[in-house]
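These notes are about the structure you will find just below.
Note that the chains are named A, B and C in the order they appear, and that numbering of residues resets to 1 at the start of each chain.
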């Protein structure tokens, strides 16, 4: 249909919103409560536009174009209205931008600058509200909340957890847990998707930089660090690199500059995870027992099952996540090798994930009297530390990780994207079943951002029904189908965050689909380029088993690298 | 006498007719037509065979003591060993005269008495039974009839000043019939329109009739009802819903309450016809929990409808099924907004959503749903019965039919007023309402509740219809009219409405949630006491006024729903017509009407005070101190400015400044 | 998952809604509050489990509406109307008189648990403003004087019971 935007006549397909129509011709309308894939709520009113012939301004996110519509996106009236709305928000908002975690990445701040808000026209009436620090992963500051509802909707619709909701009404409205208790009293799974969509600093991750800095300057501590596969293809975005660049070498160099004495890669232990899990899968298939096997590397997913589907706890792989396996190996295998007293090791991990902070604190994650991991930093915190140390990432010469926990197959790198764990596991499982390395290479059917991907493989007469899931609304659907007997699988990979770790709750703010796709493509490119593409080809992993663990699922493996789960209450 | 049955016989037949007769005369096997006709005659109350007493027992009546009246009456009649009937009826709408008791003696017209507190019962009953004419001077009016004896010197109902200019369609039976008796409703030709609809008209024909009649939504929206129905009818769906909005959230409005309490079947009949017209098989009545009596009457009426098979499956053998479910509101004004109401029925927080899609296309559970107000639906049976031309002939060219107004505040005759559209405000306030009470000066009448504006002296001759009111910055709203006199402060009224909006705002959108808070702050600054007055505070306050106007624009233009869009109206209206009052508050720091408590002080003049302690005894907040025979003094911090002390002081020693 | 201690009364009340879904949440909350007088934490948890609704949603809905109480009310619940007509006829003075008499603010209950005071939205008896209701009984055309007597009569009823 023909419409007019700012006096320009354009043809548009029917059925799209004014917002989308304008975006398609590069006219950007500011939004605050808008989330691309969710039904527009119309609550912030920032996206209002003027329509010829209509008395009031309309929200472009929720109004569809009609034939002959005349739209004005930036008339005086519209800009005055947007400015007024912002000013009203600011009258209720704390002024401590300089001290806020979201300084420079806050959407409210950005809009105020764009709209030129320079006067405080309205009296301040913000009320001091208690900050919720109860969760190991996330910190909530209700006084910064602008009640846009994004976090509530993401928790409810994308993750189907609903740990937080709106309570009360009017000026008393608050986003909080049931009974307004701390996050740790609720069934929050710590995934941090809420923090990813929060436009202000109302929900941010718990900041552990202080602890790490303290350890780094402690002369008695040996500070070691590992970083997750997804991070090297993401971090560059924050330092001027093109999205999809792999800055692994520069990251390693940066970490050493900061004072980390040993830099390992979680991809190494991801290979170990595959050795253990693929063996576990083969064993369960042989016994016909506890199927489907469900992956266990996503701690948000684990807590989700513990709350909502405890009947499936036995289906979870008993493998720890790569982060935790690495932690356990560092303080046993590596400490022994280096003759370092484990109590002096301070083990840090850098993760694209906020739930990993929770995972590191789980009671089961203590091995031989030592916590596997001492501190977890998100990608965002890591970037902050690079800034703190005034390191120019682009100018660093790439360095290699430390042996023997630094080398990895490209299958391990695929852990960062949805479908990657399954691909890696099946490459090794196929070998374990057939002793033939040519059976499974790339599994292209897993390689997109769809939420549920089913695939049936046939390996030497064994039928393997698999499904790859990301986003817990999808996980719920799959589990319900299994409960109802509609579906049966042998192997299920679940990642809490839609798209996998590359879109994890600890990644840079703003879920830009294009950037996520670049990160995904980067991982597949790495896989294409590497020589060692399967976990069981990792020589250092082979050495680990030979010297220390004996074989996958050995007693030693079980003690160090496997864990248990428990049903949880909490609402 | 036969009309009710005769009409029904046209539409019912065979088993249905037999069942209908058996419902009318429960326990009687195979009642004859003559028996049925006689029963209908009795139900019609055209004449009685023994004394009938009708007690107005709507919420108003109860509040005025109607139950005590009834108890006294019962005791008296028992002691007189008389045959009698006592019937509790709803509100006739003469709130100023509650409790109301009607006496209907055999052979004579029904007689209506007002202010019948329990002490007045015996004198009235005795006088009437003993043919003592003197008591008739206390009567309000008598009901007209062509076959009963009239009372001397008692005006007929149609001549009674409060009722003379009214045209009662919606309220025609309120306060007159027993609301709990479906038989009485049928005797007045009730459910004949329904029968006619189901037997003779198709849904589109019904929509056409209603559209042609010109009926517009009486909840305040003013949208053409028939047109709205057609949107829903033309949207294909496996399930459609009809929702009656009986939330009546506007403070000052009680029209719907009276209809549901006093004549629930009229509403239900309109609802069933409406559901048929759009093809809905399920209807909801969303009624506020603050109306327990109305809910109880509605429940009984619906139970009876199922019993009589006027609800359920295959009504009147027409193939039309309908279930009606009552949903109680839980205390949220915003749930009067269509999409918020729908969310409330769905078990969610009552928050509105952007429209389009409109409820008629995608509403409750995503299905086509029409929401209409109680008064709108209560008009339907009469329109079907008398035709669209008849309805069209009432009112004026942009607003057809009648409107029920709830008249309250500083006026002599408070109550319910149903008048043809187009009548002037002056006629309502002065001719019907009797003008301000206590000889005070009329100041303004607030119309449209928290979304509306005020009509002042200069506009009293405005015609009340949907369009004219908008030209002076007011709106019809649901029909609440609150009269204010010289003792009311318009700034205080604006503050009152803003407090209300702030409390009732759902909080979803920024302009309403934050914008009205700012407006509330500004008004509070204006009415706050001079505790710590700084140099530029007055300028700040004046800036605040200018800001009010700017802010009002933003809120009106960008709010998500009607509550927000109309929230600034009371302020804009009072600012327009009473700017001088605002300025007195801002610059002179005084409240001309003596209302804003922080700007008003009561003082005892020492020289005049005799120390009689009467004021101290009467003070409800114990703010007056002093020893007997010595001058007393008022502690202004404890004083609640109720003015009791001023009233009781015999020595004029107390002044208000 | 451990089950919460089920109070027998609430479970019985929930039996009245055999095929309940989300649309029944508000009627259920109303029905349970009618019987229990208020909604406790455990009550809401039971209702959430019964309807398979996240508790944050149950709490979010309950706190949205004025009607729901989360603390035990007094034996006599005084509800004073804050409608326009009542305001215009001086209901703020009536409220102040009540506050002074009962020594509690609106939204509170007297320490002896006898009276609780609430300001409610329009009761719909505007013709007889100012209006209040106590446990459903309506009192109209109030004055500060009348208030004193009404409250006293309830107090007398209480002492007569003892």
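Definition applied: a residue touches a chain if its C-beta (ideal position, glycine included) is under 8 Å from a C-beta of that chain, and two chains touch if they have at least 3 such contacts.
Quick caveat: nothing in here was measured; it's all calculated off a predicted structure.
Colleague: Could you tell me which pair, A-B or A-C, is linked by more C-beta pairs in contact?
Modeller: Result of the comparison of A-C and A-B: A-B.
Colleague: When you take the mean of every protein CA atom shown, which chain's own CA mean is nearest to it?
Modeller: C
Colleague: I'd like to verify one number: the distance from the centre of subunit B to the centre of subunit C, where each centre is the average of its C-alpha atoms, in whole angstrom.
Modeller: 23
Colleague: Indicate the whole-number Å distance between the mean C-alpha point of subunit A and the mean C-alpha point of subunit C.
Modeller: Inter-chain centre distance comes to 45 Å.
Colleague: Between subunit A and subunit B, tell me the centre distance in angstrom, where each centre is the average of that chain's C-alpha atoms.
Modeller: Chain centres of subunit A and subunit B, defined by C-alpha means, are spaced 56 Å apart.
Colleague: Can you pull out the residues of subunit A that are in contact with at least two other chains?
Modeller: 166, 168-169
Colleague: Which residue numbers or ranges of subunit C touch two or more of the other chains?
Modeller: Each of 60, 64 in subunit C touches at least two other chains.
Colleague: For subunit B, jot down the residues that touch at least 2 other chains.
Modeller: In subunit B, 332, 349, 504, 506 touch at least two other chains.
Colleague: Using the touch definition up top, name the residues of subunit B that touch subunit A in the complex.
Modeller: Touch list, subunit B to subunit A: 332, 334, 349, 353-354, 356, 502-511, 513-515, 517-518, 521, 547, 550-551, 554, 556-560, 565.
Colleague: For the complex, which residues does subunit C have touching subunit B?
Modeller: Subunit C residues touching subunit B: 21-27, 29-30, 60-61, 64-68, 82-90, 92-93, 96-97, 100-101, 120-129, 131, 136, 138-141, 144-145, 147-148.
Colleague: Mind pulling up the subunit B residues that touch subunit C in the complex?
Modeller: 59-60, 62-64, 95-96, 98, 248-254, 257, 289-292, 327-333, 344-350, 406-410, 414-416, 446, 449, 480, 482-484, 488, 493, 496-497, 500, 504, 506, 597, 618, 620-622, 640-644
Colleague: Using the touch definition up top, name the residues of subunit A that touch subunit C in the complex.
Modeller: Against subunit C, the touching part of subunit A is residues 156, 161-169, 176-179, 186-187, 307, 310, 567-569, 571.
Colleague: Applying the document's contact rule, which stretches of subunit C touch subunit A when the two form their complex?
Modeller: That would be residues 1-2, 41, 44-45, 48, 54-60, 63-64 of subunit C.
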